[in-house]
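There are two complexes below, and they share chain A, which is joined by chain B in the first and by chain C in the second.
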Partner chain A sequence: MFLFTEKIGNSQLFNILFIMRTTIVISFLPVLTTTQALQDAWLASIITFFLSALCVYLIGRLALIFPDKSIIQYSQELLGSWPGRLFSLFYPGLFLFMGATDLRIYGELLRSVFLPETPLIVIQSSIVIAAVMVVYAGLEPLGRMADLIFPVFTLSILFTLLFPVVEADFGNLQPVLYNGWRPVLFATLTPVAIIAQYAHLTMLIPSVVEPQKALRSALSSLLWASLILVFAALIVVAVLGADEGARAAFPVFKLIRAIRISEFLERIEAFPTFAWGLGLFITLSVNLYSLSKGLSQLCRLKNHRHLLLPLAVILSTLALQGYSDFLEIRSFFKPQVAAPFVFFLLLFPLAVLWTAYFFKKKDSVF
Partner chain B sequence: MMQKNIFLLRLLLLGLFLPLLAFPTGCWDRREPSLLGVVTVAAFDYNPQTGMLQVIAQVANPLGISTGENSGPGGGENPFWVVKADGHTVYEAIKNIEKVSTRKLIWSHLEAVLFSETMATEGLRPVLDYIDRERQARLIARPFVVRGDVRQLLESKFPLEELGGQALIRQLLTIRMEDAFMPEIDSLLRLFHHLTVPGVELILPRIEMQVEEGEDNGAKNGGNSKMKTGRPNPVKISGAALFRGDRLSGYFDEKEIAGYLWITENIRRQTMVFTCPGEADKYLTVEVYCSSSNLKAEVQGDNVRMHLFVRAEGKLQDFAGLKLPLDEDFRKSLNRRMATVIHNQIDTALLKARELNLDIFGFGYELYKNRPQDWKRLEEKWPEIFSKVEVEPNVHAIVRCYGLVVDPIRIR
Partner chain C sequence: MSIKSGLLQKLARVLLRKIKNTRKPNAKKTDWKPKELPGLGDFNDLSQREKAFQDLPLSNRLEDNLQLFRQVTGESYDVNIQEFQSGPEKVPAALLYIDGLVDTNALEITLHSVKVDIFLTNMDEVHKKNIFETTRRRLLSVIESRTTGNMAELYYGISIGRTALLFDGTARALICETQGWNVREVSEPSAEASIRGVREGFVESIRTNTSLVRRRIRSPNLWIESMEIGSLSKTELAFAYIKGLVGEEILGELRSRLKNIKVDGILGSGYIEDYISDNPCSLFPSLLSTERVDRVVGNLLEGRVAIFVNGSSFALIIPAGFDSFLQAPDDYFEPFPLGAFIRVLRYISFFIALFLPGIYVAVLTFHPELLPVPLLLRIQAAREGVPFPVVVETLFMEIVFEVLREAGVRLPMIVGPAISIVGALVLGDAAIRAGIVSPGVVIIVAFTAIASFTIPSFTLGLAARILRFLMLFLGAAFGLLGVQFGLLVLLIHLVSMRSFGYPYMAPFAPFIWGDMKDSLVNLFWWKQVYRPKLLGYREPRRQPPGQKPQQPGKKE
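This part shows the complex of A and B:
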C-alpha cells in the first residue's frame, strides 16, 4: 500500500525543480522588488543561494533517511500516528498555498498586460485544467513533460535575458553596498522563503530512480536557477536602472518591453510569457501532485487521482479569493510577512522531525 | 474500469476543446484592426488658464498611407489625423479624444512623445506616471521637448516621410549618427533613469519648428496639393532642454550641447571648420569620427575637481586652399586648433550649466557611483558645490586621415 510505483529520473527531478525555481525569478524578481536592495540585488541573489542550499539540504537529507517514504509516512514513523499526521498536514497546506499564489501571480500578469477584460477564473482554469490532466496521467508523464519543456523554457529565459544585453549599462550597478549590508540581507529573506518549493522533495524523492542522488540533483538545480537569478538581477538593473526595476510590478517583463534590439526586432515579450506559462504549468502540476498524493496518504486512499479535481477547484478558488489584487500579493511578499509565514510552515515541522529523528537515533531505533 | 475512465476523460477533453475552435478566427477582444487607430506620436501640452492637460495625438490613417506607386504622400487622403482633447489627467484627456474619434486609439506603437514648453515647465510627472503605468505604452518611445506650437508640428508634413513619428525618429537617428546637435537620451527608459538616479539632471532633445514665412504647413495646406520639392523640413532637431527635477529650466544651444556630449562621452561625429593656412578666406573641414572621454573625480573636503580626458580623432574632409602643407607644423597647428574648439565647447557648456546651477553632466552621479562615501557627505549641499566644481579638460586631438588625394587639384 502507498508504494511509489511511478518513477522519475534524477534528471527529470532536476528539470522540475529548476523550472519551478526559475519561474519565480522571471515572475517578479523578489530580490529586487521586495526590499530596497536596489543595485545590490545581484549580491542578494548570491547570498540567497547559500541560505537556500542550507534549507534544501535540511529538507533533502531528512527525506533521504527514508528514501522510499514520503514526509506523510516518515513523520508518522518518527512522531507516532496522530502527532505525525498532524505535523505532516503542514506540507500539503504549503503546497496548496504555493500553487494558489503562483497561479494568481500569473493571472495578474496576464490581466495587467494582455487580457485586462478576461475574468481571472478563465485565465486560471485554462492552466489548472492542463495541470490536472498531466497529474491525472501520472508522475511519469509529468516528468516527461518537464523533459520536453526544459529546453524550450531555458532557451526562452536565455533569450529574454540575453537580448537586453545590447542596451545594458553596467554602470547602473554602481555603487556597490551604498546603503550597507542591511538591505541586501533583508532582500534575501523572501527569495529564501520561496525555497519552500523544494519541500516537494519530500514527496518526490521516493519516486526518484536513484534517491541517493536526489539531493545532488536538487542542489544543482538550485545552483543553476540561482545563476539565472543573479543574471536576471544584473540585467534588469543594468537596463532598467535600480529604481525603475524595483518599482516594476513584473521587472523582467518591463525589461523586455523597454528595449529595442533594432528597428525591425522589438516587442519580444512573447519569450518571457511563454517561459512563464510553461514554467507555471510544471509548478502547478507538481503542486497538485504532491498535494493530492500527500492527502491521499494521509487519508489512506488508494488512488490520489480521485482527489485531483476537488483539489484543483479548491486551489483555483484560493488563488481567486486569497488576494484581492496585485498590491496584496506584493505586500504578502514583503520579507516581514512572507519570511515568518513561510519559514514557519516549512521549517517548524522540519525542526520537529529532525529533533524526533535525533532522539530516536540516540535511542538507536535506526 | 480504467478503460472507461480514459474514455470519459477523452470525451471531457473533446467537449472542452471543441468549442475553442470557434475562437481563433478573430481578435480576443473583438477589436479588429479596422476599428483601431494607431497613435504614432503623442504630444502633451498644458493650458495654464484652465489648468488642464492637453493630449494631442497623431493617428495614422490607413486610407492615406500609400501602398503602391500611384499613391504618394499627399496623393489622396492625409496619411494621418491630428486630434486633441483636454482633461484633468492624461487618461481623461485620452478618453475625451475617443469621444471625437471613430476608432479606439491604441498607444502601443507610439514612436515619439513630445512635451510642449508649457508642459515641461509645469512638470513631466503626470505624463511620466501614465506612461509608466499604462500597459500599452512602452518605454522605447523617444521623448522630445518642442519649442513652438506643438499641434502645428504634428500637423506638419515631412518631405521624405509619410508619418510624423517615423520622420522624427529618422531625423533623430541621422543626427545622432552624423553630428553632435542633441543629447543622447533617445528613449523614455533613459529619461526615467536620469530622473531617478542621484546627482544628475535631465536633459532632453529639443525640436524647433521652422516654418517659412507665408507658407502654411501640413493639413491646412490641404492633403491634395503636391508637396513643393524645395520645401524645407518643418522641424529642426537641435540643442537640448534642461530640467531641474521634472521641470524645464533652460536650453542648450548647438555649441553647448556639443560641450555636453564631449563631457559625457557621447560624441559620435562632429564637423569643425577652420581657415586654411596662409589663406584667411579659404576654409577646410575636419570631421571628428572617433573619440573617447574619461571623467575622474578628485575630492578634497568640499572641493570637487573633475579631471576630464578627451581624445578625438579627425579626418580632413575638404580643403579649399591652393596647397595642403604636409609639414609637421601644419599638422600640429591643426591638431591644436581642433583641441581648442573642443575646449571652448566644453567651457561654454559648463558656463551655462553653472549659470543655471544644473548638474546635467552627472558629476554628482559620478561621485555617487565611484566615491559613494564622498557623495553621502556632499549630497545635501550638492547644488552649492556643483557651481564651484573645477573641471580640468585635457584634450588630445589629432587629425589622422587626409583623404584619397594629397594635394588639392592644380587648376591651370
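This part shows the complex of A and C:
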C-alpha cells in the first residue's frame, strides 16, 4: 500500500543542482584558474551566469515538452527509433565522463591536502561506494540526502568564504578590465561548459513532483550558485591576489589555509573539505543515477539497479586512468579544450532534437 | 543406600498406583460414563489438546460439564470448583473460578445471590427449567454478566478473572465479571525521569493504562481497538488513536500486521515491536516505546497510534521518526528557550557519542596537523611511553567502559555506585599511572560516555554505542575520510528507512520547514499552530494562530 514512488520534490531538485554546481565550480574556481581573466574573474562569473542560464533554458524547455519522459525516450520519439538511440548515447557518455572527472578532481584534492600517501583508489572508493548505495536505495533517498547535506554544505562553504573577509584587500580587484573584454569572455567558456551538469535535468524531470516548476528550480539554483561563485572569485582575488589565485590548484583551499583567525583556529580546511566530500557524493550519485537509468532505458531494462555496480567500476577506472595527474586535468579545463569538447556532447544532440521538434511541430504531430 | 531405598519406594508407589488405576472403575460405580473426548488424553500433545477443546459445547448435565472442565484444566490447584445446590428445588449448580484472579467481594455477592437471594423470588421462576434465566435477569443484575455455551469461551472467561456459574439442566454458563487482582501501583517511570513532567507512568495492566490515557483525552473520538495475540498466552493488546486524525492507511497497515502475528506467547511490547517493525535488521528503532503517559497522549494528539500490550508497562508509538527519539518530556514543560536549548544540546551529544572517538583516533593517526601545535604537543607528551597505537588504547578504554556500564545495570542498586567508583576511578587512574593508556583517551572516552547518557531513548543509545565502534575502526583505517564514509552510509541508511510509511528522517529529510518547530528545537506552544504535516494532514490546524500573550494596554 505504501508505494515506493521514485519521486523527488522541487526543493530537492533545487538542492541537488545547487550542490552539484557549487561543488565543482568552487573547488578549482575555473573562472580564475583556467585563463588570464585575473582580477576580473568576478565579472566573468556574472557573465557565466547569463550564458549558463541560456543553456539551462534550452535543456529544460525541451525536457518540459515531454514532462514524463527522459531524453532517452523522447529523442526516440522525435528522431525515430534507431537515430534516436544513437543521439541519446551522447548524454550517458557525458554523464560518465563528468562523473569520472569530478571523482578524479576530488581524489587529487584530498591527496594534495590531506592524505598524501593514500592511494587514489581508496579515496575514490569511499565516495563511489556510498554513491552506489544511495542510488541502489532509490531516487527518493537521494533527494533526502540532498536535503540533509544542503544546510551543512552551504554553511560550510559560506563560513569558508566569510572567515577570510577580515584579511581581504579589495585593492587587489583593480584595475577593472585592464586587458579589455576578450580574456573575460574567454574565461567564461569553461564554467559555462561545466553547465553540462544541468543535463541531468533531462533525466530527473520525469521524477519531479511538479515538472512544470522544475525549470524555475533549476534556474534559481543556478542563480544562487552563481552568487556564491561571484563571491568566491571576489574573496580569492582580494585575499590572495589575482596571480597567486590563478596559479593555485585549488584556490579556495589555499585561501582557507592562508588565514588564521586566532591561535586556536588555524587549520580549518577540514570543514570545506568535508563539505566538498558531501557535495561530491551528491554529484556522483546523480551521475550514477542518470547513467544507469539512461542506459537501462536505452536497453529497455526493467531495473536500472543491475547496471549500477559495473558502471561504478567503469567510472572509477576511468577516473583513475583518464588523467595521469592533476596538471592534465588542468590543461583539459583550458577553454580551448574543454569548451568544444563539452559543447559538442551537450549542445549538438540538443540542437538536433530542437530542430526535429520544430519540424515535427510543423507537421502538427504534437 | 538412601538412593536405593528411594528407588524402591518409587517402584512400590508406581506399582500401587497401577493397581489402583485398574481397580478404580470397578470400585466407583456410577451411572455416569466419562464421555470419550478425542484429543484430551494424557498422550495427546499440546496442539491436539488446544484444538480439542476449542469448540466443545456444554452439555445439559452439570456432572458432564464439570467432568469436561476437569479434563480440560487438569488438577490445577488454583482452579476452584465450588458445587452447591440452589433454590428451593435444590438445583445442582457450580461456580468455577481461578484463585487470585477474582475479587473476593464480587465472588461473595455472586454466591450470596444464587444461594440466599434466590429464595426471595417467585417459586415458579426458580424451577429447574428457568433458574438460569432468573439468575441472569433478576439476581445478578448488579454484576455484569454474559452467557456462553462453549467450553473454550468459559475457560477464557475465568482465565481473566471472571466467574462461571453452571446450573444443572441448562447447557449454558453464566460468566460474571468478578475480576480483581493485584497490580502494581501507578508510579513514576524510573527509566524516563523528568523534572516537571507528569509523574504517572504505565503499569502492567492494560486496563489501567488505557484508563490513564482516557482520563487525559476525554473526546469520544479517542478510539481503542483491542485484539488477542498468542495462541497460548492469549495476550490482550489494544491500540489507541484519535479517529479522524490518524491516516486510515496507517491503521489498516497496523491491523494487517498485527493480525499476521502467529506466536505462542507475547511477554512484552518488545515482541510486538519485532513483529511489526519496518526495518527489523536496522540498529535504529522504528517504534517508540515509552512508559510515560504524557508522551503517549502528546503523540496521539499529533496523529500517531499507541499500542498497549497487557503485561508490559511500555506502550509503543507508531509511526516514529528519528526526532522522536531525541525528545525528552522536559523539553515541553520548560518554556521555549530553555527547552529548545536542551534539545539542541541533546542532538549535539548524539553526534559526539557517535563520532568523537572515531574522529580523535583519525586526527591523531592521520591528520595531526589539524590540531593547534600547543594542543598536539600536550597530547603527544601525555602519550609518551604508552606502548599502544591510539586506536588500541581507545578501543581498550571503550570496552572497559562498556563492560562497566553493563555491570552497573545488572548489579543491584546498592552495589551499583561501588562498581562505578572502582571502575571509573580506580581502573582509569591505575591505567594512566601504569602508562597503559594516556589521559587524553580517558577524557575522550569519558566525555563520549557522558554524552551518550543524554540520549533519552535507550534503544537509540544502544545504536550509537555499537556504531561508535564502527566509526572508530573506520577512523583508524582511513582517517577522517573513513569517518566521512561512515557518516554517509549511516545517513543513507537513515533516509531510506520508513516507519509505517512515515519517512524516518522527517522533517529533516524530506525537509519540511513547517515541522521544524518541534524537531531540532521546540517553539512556544502558541507558535505550534499546525500538526506535523505527514501525520496530522487530515486536520492540519491544532489551534488558531496569534495566541501570543500580551501585556494589557500594550499594542502590537
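Keep this in mind: the second predicted complex is superposed on the first by the 361 of 366 C-alpha atoms of A that agree within 3 Å, B and C clash if a C-alpha of one lies under 4 Å from a C-alpha of the other, contacts with A are read in each partner's own complex, and residues count from 1 in each chain.
Here, a residue touches a chain if its C-beta (ideal position, glycine included) is under 8 Å from a C-beta of that chain, and two chains touch if they have at least 3 such contacts.
The model shown is predicted, which means the values in this text are computed figures rather than measured ones.
With both structures placed on the common chain, the touch criterion links A:Ile129 to chain B and to chain C. Once the two complexes are overlaid on the shared chain, A:Val342 sits clear of chain B and of chain C alike.
Touch criterion met: A:Gly241 reaches chain B, while chain C stays clear of it. Legend: residue contacts after superposition of the two complexes on their common chain; A:Gly138 is shown touching chain C, with no touch to chain B. Judged by the touch definition given at the top, the superposed model places A:Ala258 against chain B, while chain C stays out of reach. When the two structures are aligned on the shared chain, A:Gly171 is found in touch with chain B, with no touch to chain C.
Of the two partner chains placed around the shared chain by superposition, chain C is the only one that A:Gln12 touches, whereas chain B remains out of contact.
Of the two partner chains placed by superposition, A:Ile24 touches none, neither chain B nor chain C.
Using the contact criterion defined above for the overlaid structures, shared-chain residue A:Leu115 touches chain B and also reaches chain C. On chain A, the surface patch touched by chain B in one complex and by chain C in the other comprises residues 114-115, 118, 129, 133, 266-267. Interface residues of chain A, counted against chain C in their complex, comprise 1-2, 9, 11-12, 110, 114-115, 118, 122-123, 126-127, 129-130, 133-134, 137-138, 140-141, 143-145, 147-148, 150, 263-264, 266-267, 270, 274, 277-278, 281.
Contacts from chain C toward chain A in the complex involve residues 249, 252-253, 366-367, 369-372, 374, 478-482, 484-485, 488-489, 491-492, 495-496, 498, 500-501, 503, 505, 508-511.
Remark: chain A residues 112-118, 129, 133, 136, 167, 171-172, 174-175, 178, 239-244, 247, 254, 257-260, 266-267 touch chain B in the complex.
On chain B, the positions that touch chain A within their shared complex are 9, 13, 16, 28-29, 132, 135, 138-140, 187, 189, 192-193, 196-197, 368-370, 372, 375.
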